[in-house]
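There are two complexes below, and they share chain A, which is joined by chain B in the first and by chain C in the second.
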Partner chain A sequence: MNFRNFIEELKGRMSLSKTLIPTDGESDEEYVFREYKVARHSKIIFFAVFIVVFFILLGYKITLGEYDISFFDVYETLWKHITGTIDQSSIVERMNDNVVWEQRLPRVLTAIIVGIGLASAGAAMQSMMKNPLADPYTTGISSGALFGATLAMTLGIYIIGGFYGRVLNAFICALIPAVFIIFLSRWKKPSPAMMILVGIAIMYIFNAFQSYMMLRADPNAASTVYTWSVGSIGMTTWEQIPIIAVVAIFGFFALFLMTRTLNALNSGDSYAKSLGINVDRVRILCLILISVIAAGIVSFTGIIGFIGLVSPHIARIFVGSDNRILLPTAALLGACMMLICDIIGFLIIGATLQIGIVTAMIGGPIFMLILIAQQKEVW
Partner chain B sequence: MVVKIEAKDLGVCYGDIRIWKDINLEMMEPGLIGILGPNGVGKSTFMYTLNKILEPTEGHVYLDGQDIKEMDYKDVAKIIAYVPQRSNETFSMSVLDTVLMGRYPISGFTTTEEDVKVAIRCLKIMGITDLAMRNFNELSAGQHQNVMIARGLAQEPKILMLDEPTSNLDVYHQLYVMKLLRDVAKENGIIVLVICHDLNIASRFSDRIILLSKGKIVADGPASEVMTSQNIKDVYGIDADVMEVDGRPYIVYHADENMGIGNNTAYQNATEFQNREKGVVKKKKKLFGKSE
Partner chain C sequence: MKGTSCTVSKADMRTLEKKIGVRMRTNVIVAIAAVAALMIGAFMLYASAELFSEMNPDPYNHSYEYTVTGMYGEEELIGKASYETISENGSFHNYRFLVKSGTANGIEIERSFTIIFDENDVPLFYDRVGSDPTGSSSTYIQKTDGYVYKITVSDLCVVNSFSVENEEWVMNGTIII
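Right after this comes the complex of A and B.
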């Protein structure tokens, strides 16, 4: 079975786009009702399967490294740490605990949080803007963050000092495009396409300033900025994880509550209004949420491309475009993709490879493969 | 219970262009109401203002005496359902999910079994249960239209508004849909408002016809009163004979050999109206003021 058949088979299983012809005496209504139920359940099963895949990837990722630890020991150690039953007298257990919990888990958790945050922001943004190209980056948020961080690192312009100074700078500058678009929508009602064009224009402006600062900056500072800008998840510590987690997870749930509204927005503004949706308000709220998620993530980890763009599309192929199931699936796939990229990066080159490079190197070809393998148009 | 809808001194401008003004209208009887008029006369715009999609430049719309300006979008949606002429979905869902969208004002975030059953019943009414699990974007224009009508019915509104629901349908479905809408209106005691271009189909099924032209209502009443040779000549600039078929007016057009857009007096007058109004609006417009 080749890849294309495999996808078609899966789609058939999930009743994505097929003609229904009832058999053996069942009434049309009952038959359609049953088919609908089956389709919904298969989507939930798909989701459940990916949760299992996710935990396998999670465990496997933690086993990778200099210190040898088996897959099952990883979960045993995690369980013992969470329940507080680590045997302090056993050197092996304490070693395991230290490696798993202190050294490897922060990186893995960051990967997961980034995956969830970027993918759900991407999925929501694509529906909101009715544009398959939309993701947190095409609205200028990433370049804003990069600009803010560069400002801190090369010119020493901080709002507060230390590591958080850089993060705060990045965060504030990342919100500039969002604030601009929100003001724009108050003053003049922009179309979704216009929002993206404005985002791209802002992106170029930020990039220009950024390049100028990099050229003028001291090479060491420029190098630090560059390393950060390609996206890394290895620098986060236990202190920072709660901050990113709160932003991403809160954002995810807030967006999840808006998913049915997003479905309606997808059918056009006037129809959404006739369904009782205050389109302008919803769009602004959505934009704020997405900006906060993306800005929060980018300011800690740098630019990790492709996850926000690709995971919603992959999820869409399998579960369809109902945002209520699409958003969680995209988030889960985003987390899985981050883990896979990190694993591949480690296996090929070693733990020091910046994940932003791997996501683009692997995400790009996979995305193209899926697009080409598609027989029918999904978007 | 029929919800009364009332338009008072309604007027709309798009930027500098005046569409129509001083529209006064009451709809209080359940039944099928057809809105007719030449292209660009503002039929869709009229529908938009009635269901709060577009805020009118002047005037008010009342639903059971309540100004829709002061009503929440949600409350309007519980009363009025709108079926657009075309759909432009970027990411389409299955047909059944699309129809279930119509249940949004009633059920909010969750979809109950009841919702699914209502949606399936609406598919059944439109005869498209076999399409239930097909992707909406893969369907033909006519099938799209059937799905969207089903979606409007699924909303179980007090007032149903359809923008050219039959424009992409074959003859059988055109007649079937109009008859269905008339029956839905009668059975549920609701107002069904339909924009239509086919004078014969509108005459055949409408309980009332509103004829728009040159920025105002030219005629309003039962088909037999509105569909006269004189009205058709005035509004569309066509010579037509009105006969009676099955107790309804039936219009036969005479295509003149000299037909040309340039010598159609009805259309010339329409643009004259818009140009004349242009000047008036410009003077009223404030600097940086909202011009919509």
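Right after this comes the complex of A and C.
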């Protein structure tokens, strides 16, 4: 069975209308309502399955490293740390606590938060622009944010000083491609492919400026910036995690509050306008939120591509296009994908392999397969 | 079967599919090319990062071999040990010892243990028991679960010598330079 047939079969199984047959004496309304309930339950079941998979991946990821710790010990240690019941007289328990809480959890939490942020931003962007190829990475928003952060790190050009200056720089530069996208959408109705080509062009322009800055920078600073810009989650500390979490989780909830509006936008501008939605204002608000998420994430981890692109597509296969369930599922799937990529990267080379390259190696081919398998539905 | 249906002639369908199909394929090819371009961009960035990191290697990323001698009761133990790291976190350095030794009678002993160094290159959960007169290395000890670990550490978390012992055996390792 090829991949396309597999997808078709999977979709067939999930669109339960094919398996449900009206029973004798059942009215049309009862039949439709029953079908709706079954479809809704199946989505909830898929979501629950993803949650279980997520916790398995989280536990397994923390077991990997030079210090051996079992899957169940990971959760036991986490529980003991949270409840404050670590036995201070036991060296083994203290070492487990150090490795799990101080060393591995920041990395894992960063992966999860980044996955949630990027996937929800990608899902919202795809619905908002009715473009299956849209996400902060493909539209150049992440590259803009990277450029802004690099500007602060290599040349010391800040709008405000200090560490938060880097985040603000990233946000402002992320708005450049976002504004360009808004103008392009108004000026000329671009096809999905054209929009992405424009995004790639923007990305290469920013990359060119970034390369120029690297040439002028101190070699040690350039080395750090290059390593970080590929997409690295191993550098984040406990002090930085709350900042990324606030940006990504706030962004996720803000987008989640807009899911009904996004559903209307997904059905077309005229339909959304007929419902009294100010389409332009919603688009601008949505792009600002996406830029905030991208800037917050890129400032700490560099560019991590394809998560925001692939996760919503895979989530759509399982739960459909209703953003109310799609957004949380895509976010959960994004977190799972980040953990999977980190696990694969660790098993291939070790923790030193930047996750950005793994997401490109895995996410790129998966997305191509989805494109080929789903072309009729997507386009 | 409930639901609605419509009829389209085969000729109309074929024309429609042909028209839409051509556009679909074109778009998919462009999209695949775009994805390929994005992947290439990521690889190029990674290659640049690797180039820079090779120019500035991590001084803590090292591995060493050790010769091991010891006693298992009255019998002599001979073997070797390895000491290596996988960088996990910028604030800590984790190194793992894998010690293998055996007696002439074929008794094999294998023991692995991890040492966690903090940002100041001090081994965590070890007690400092002294240092050499020049101050270039320090000796630390840890007692846990019936085992006693003793290590002599110099700069950059390099362990010059170690010993592991329990009630049955003792193994001493010396670095091979």
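Please note the rule applied: the second predicted complex is superposed on the first by the 293 of 379 C-alpha atoms of A that agree within 3 Å, B and C clash if a C-alpha of one lies under 4 Å from a C-alpha of the other, contacts with A are read in each partner's own complex, and residues count from 1 in each chain.
Definition applied: a residue touches a chain if its C-beta (ideal position, glycine included) is under 8 Å from a C-beta of that chain, and two chains touch if they have at least 3 such contacts.
What you see is a predicted model; the values in this text were computed from it and never measured.
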Name the contact category of A:T138: first (chain B only), second (chain C only), both, or neither. second
Quick one: name whichever of chain B and chain C touches more residues of chain A. C
For A:E239, select first, second, both or neither according to whether it touches chain B, chain C, the two together, or no partner. neither
Which partner chains sit in contact with A:E29 here, chain B, chain C, both or neither? Use first/second/both/neither. first
With the two complexes superposed on chain A, say which partner A:G305 touches: chain B (first), chain C (second), both, or neither. second
After lining up the shared chain so the two structures overlap, which partner does A:L275 touch, if you call chain B first and chain C second: first, second, both or neither? first
For A:N266 in the superposed arrangement: first (chain B), second (chain C), both or neither? first
Chain A positions within both the chain B interface and the chain C interface are 28, 31, 376, 379
Quick check on the complex: what are the chain A residues that touch chain C? 22, 28, 31, 65-68, 91-92, 94-95, 98-99, 102-104, 106-107, 133, 137-138, 191-193, 196-197, 200, 203-204, 207, 219-220, 222-223, 226-227, 229-231, 234-235, 237, 303, 305-306, 350-352, 354, 356-357, 360-361, 364, 367-368, 371-372, 375-376, 379
So in the complex, the part of chain B that touches chain A is made up of which residues? 48, 51-53, 72-78, 80-82, 84, 87-94, 96-98, 101-102, 104-105, 108-109, 116-117, 120-121, 123-124, 129-135, 137-138, 155
Spell out the part of chain A that touches chain B in their complex, as residue ranges. 15-21, 28-29, 31-33, 35-36, 39, 126-127, 130-132, 257, 259-260, 263-264, 266-268, 270-271, 273-278, 316, 320-322, 324, 376-379
For the complex, give me every residue of chain C touching chain A. 2, 23-25, 27-28, 30-32, 34-39, 41-43, 45-46, 48-49, 52-53, 55-56, 84-92, 94-96, 112, 114, 116, 124-125, 142, 144-145
